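Each of the next two complexes has chain A plus one other chain: chain B in the first, chain C in the second.
Moving on to the complex of A and B:
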């Protein structure tokens, strides 16, 4: 059996402490998911049985079928969420990649002030600006459209994306730009042929965080700027399971899991591009 | 084709003058090395010639054409960076082809050129690999290949070997010298390593604090350094400097007094030297065991035995300055044991109070034929 490296050797009580720590925090993150999943397996009638049973008796996946019947538009909500987040991510990337390159490479007046301003904007939660945004959307006449959910999403996600990608791009050796410049390449050629491929892991990180960020912030924008059912994204769509009399908890939980599935799959696929050490061999470190 | 002229070239960073009016002519096909300690402005000067850094004032001319405001690609130069600056996501082929792709050269012609460059640099077998899989020396060759394919008028090298280990550096030095002969191109090479400078250069430009301290062939700098800076910088170990006073001046040279001993140093005197404090310079390799025209009794504190040489260090005169002697072979000396050493006046250098050399009466052609005139070699 191979021994771990000297730096990775721990005494038994250190290992116990490490795993206890991990368990405590994991419990807080994962317990709601486990509970949610178990609820989705239970028949509605047994949910409020007393004493409460944690493990489902005669559990089944029935809720995963009936959820499509109870809320017929659910597939549309998933699509909306996916659609809005994808468009937001695409727009953010198109805008942020050249911007981050500029912030990382060029010295121009006000670049420091702009970056500071981006950070400051990030500190406002979207909720603070909801009413002014609502008035703006109303006077532009774009309430109750995809546009109303996409544009504020993009606006709020750009600052953090620029910060993330700028930091990544600053780690790409400047000599690569200079070498390309000496060989006659324009800035756009250099960006496209040299910087973009090397920055791919950074861009993937930005894409994933933007996608997740957009997924998370949809709720508040959709709730305020949209009242049309057909444009509802998933987080708002889940409210459909809140009936007047009762909440269909098991279907709600099932729907939650189904709803996030496409995003989870997409992120797993994108993770492949997070290859570390892609700059190996560029310059002598 | 690759003639370079610098006319009073200056560079300021804010109010700080990095380069103080550099005048230099580099002839076509010459291998010129800029050498100097860190911060002397040698890399800045190279980057200005390349077009990466702005020139504050003065003119840079390539083939008689002022290029100050032209981008690098229009100057007809190619540059090899210290860090190689290879594109990690591209194969060796694409790395070398990059400048040609920028030009949108036809695929067939491009392929021929890249393969030709790869053959010169022995990279034929590596064309489909990524830089990450190559060794340091191979990476540096790829970087040189990228410069070759453009067929520039002038090659610029910014400390290209300083990231390699000692053995590889010696190999690459020889390869670069061969490449220079093969391509017959003008090359300007920046280094802080005087061995690289001495071995490869047709002409060395020694820079000190933003000024040219001396320009000349390698052996010219070694035998006739113009000032104490060049004398101390060229040669390893460093030249020893001894304080002397001038006793008299004659046709034979300058008579100096060192701690009661007098000797006549064969140099061309200035007027008005008598009675002044001068600096006597003698290289460690010119110190002899036993007696010479001047003798010194020293007690070595450290002795380094390198096989071919024995290097002895001793403190003399109480100034704390190390006196260094490099003796051939395995010398019969021991640490902390007093030893008698001597200096021949013919080996001595003499500098005035400002550190400017009094010209030695040695004919460089006696030392090495063709040093002064490369055409005669």
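Moving on to the complex of A and C:
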């Protein structure tokens, strides 16, 4: 048992090299956040002065207060983002839980091809299908409503959700279904009373990843299918603000950080599940 | 026999809602794009069949440039993502104190609303007051301010770097998972035989990562080819169209100028390229799979 410990023992210069490598890597990943945060603390005058100064002098959290006035719809944008993501997640789960169970358990003619077809949806981004989707939304009469962002959003989150949940459900022993079936339980009863309770952790992971995916990717549909300020999700609401001639950068950054906060808190709480969910599909069994 | 049939029927009932949804929201629009590409659809009430006219119109010099640019952009973005991703995964795979925290710190670009990360890059690229230009001036590397997004060449690379930044966390965590799936006894056997750390990495880790590397580069290729938000927020395809990729070009034509027919023809071309990538992917993975079973 001491062998793995021995093999992983680093010499001091190896340790230094590894930490340097990690530092460089994380510096690239985190630089925009660090810079964004410092910008949110700088007064506007300092922001627009040369030469460039990295650290804020007489920095303050003033922008975090004034932004609520400058971005009037801000609270509404955050609510919209949450609302849209929640509804999207609920619809995805309703559609995906039965489908994933079917793919995990039943082999029938064409099931492999059908699964491949579902996964192929991932190939197309919303941008490619934007024109017909726009016409479809228009003829459904949902342009400029929440549905214009929810309906297409769901479709592009279905494939990975099916894949994740199917992987999870395949690990549930088949004997459980068979025992229930032998006892005279119907298929629906087995799914509802035997499989669903056991699959709950997997369903939770799928719900979290779907929610985060939806929260992170609200842009193109919201930009194209909705022009009403009161329905805009956070990214598009801030984009309208970003596009102005005179951008009040410290407030924009402050608003971004407040908008990011929910997602970051979720990561820290759920990171174990996230990594588990991601790796479930990653490694061949 | 009837049990078998009722099972199949049950399976189809379970699949039906998702199937219907994807058919209406993805498959039907796909077919519609194809049909639209042969019409002059626009905001007008009437739509006429125009045959290949849209395709004739787009095959000109600027469009060839757009296709070429898209491929160059995608190639560099995917390659850099893979290199940084494997580097990051190797570092995070080292058994050093603090690695659990480092893994969490890798995730933000992937999990935070994409548009917001891009706003931050937008500021960093600002020539007058942004961090990159400012630091370069303070260190005396450049003389005056560099407005990265205002000049064609720098804008091209700036959008690539931002795309890399958004894609790296997923690549890193995926490659990390693949590294951890490599049986530990392989390393121990090599270690017992006196193989050094670099030798083990080169001869065990890298070869065993090849299947995951191929999978991830293909997934990344498809996502990058479709990349829209980054370029749209940073440059909207400018300056002078130097960051206009196929997706941006399609969006401008279809949504900006409301030329649905011409936009659809461009979208069809994108779909054709994506299908070629997918076919190549299936060919490669099935060959890998059959190689494994040998």
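Points to keep in mind about this one:
The rule is simple: the second predicted complex is superposed on the first by the 236 of 285 C-alpha atoms of A that agree within 3 Å, B and C clash if a C-alpha of one lies under 4 Å from a C-alpha of the other, contacts with A are read in each partner's own complex, and residues count from 1 in each chain.
Here, a contact is a pair of C-beta atoms (placed from the backbone, for glycine too) under 8 Å apart; a residue touches a chain by one contact, two chains touch by 3 or more.
Every value quoted in this text rests on a predicted model; they were computed, and no experiment measured them.
Once the two complexes are laid over each other on the shared chain, residue contacts for A:62 go to neither chain B nor chain C.
Between chain B and chain C, C contacts the larger number of chain A residues.
Within the superposed three-chain model, A:178 lies in touch with chain B and out of touch with chain C [touch as defined at top].
When the shared chain is aligned, chain C comes close enough to touch A:219, but chain B does not. Within the superposed three-chain model, A:238 lies in touch with chain C and out of touch with chain B [touch as defined at top].
Contacts of A:133 after superposition: chain C is touched, whereas chain B is not reached. Of the two partner chains placed by superposition, only chain C is touched by A:260; chain B is not. By the document's definition of touching, of the two partners only chain C reaches A:114; chain B does not. For the contact definition in use here, the residues of chain A common to its chain B contact set and its chain C contact set are 278-279, 282-284. The part of chain A that touches chain B in the complex is made up of residues 173, 175-176, 178-185, 189, 193-194, 197-198, 278-284.
Residue ranges of chain C in contact with chain A, taken from their complex: 6-8, 10-15, 17-19, 21-22, 24-26, 28-30, 32-33, 36, 84, 87-88, 90-92, 94-96, 102-117, 119-124, 128-131, 133-135, 137-138, 145, 165, 168-170, 173-174, 177-178, 181, 184, 187-188, 191, 197, 211-212, 222-223, 226, 228-229, 233, 247, 250-251, 254-255, 260, 263-264, 267, 270-271, 274-275, 277-278.
The touching residues of chain A, when paired with chain C in their complex, are 3-4, 6-8, 10, 14-15, 18-19, 21-22, 25-26, 28-33, 35-36, 39, 47-54, 81, 94-96, 98-99, 101-103, 105-106, 108, 111, 114, 118, 120-125, 127-136, 151-152, 154-156, 158, 162, 187-188, 191, 212, 215-220, 224, 234-236, 238-239, 242, 249, 252-253, 256, 259-260, 263-264, 266-268, 271, 274-275, 278-279, 282-284.
Against chain A, the residues of chain B that register as touching in their complex are 50-52, 71-73, 77-79, 81-89, 98-99, 101-103, 130-134, 136, 139, 146, 150, 163.
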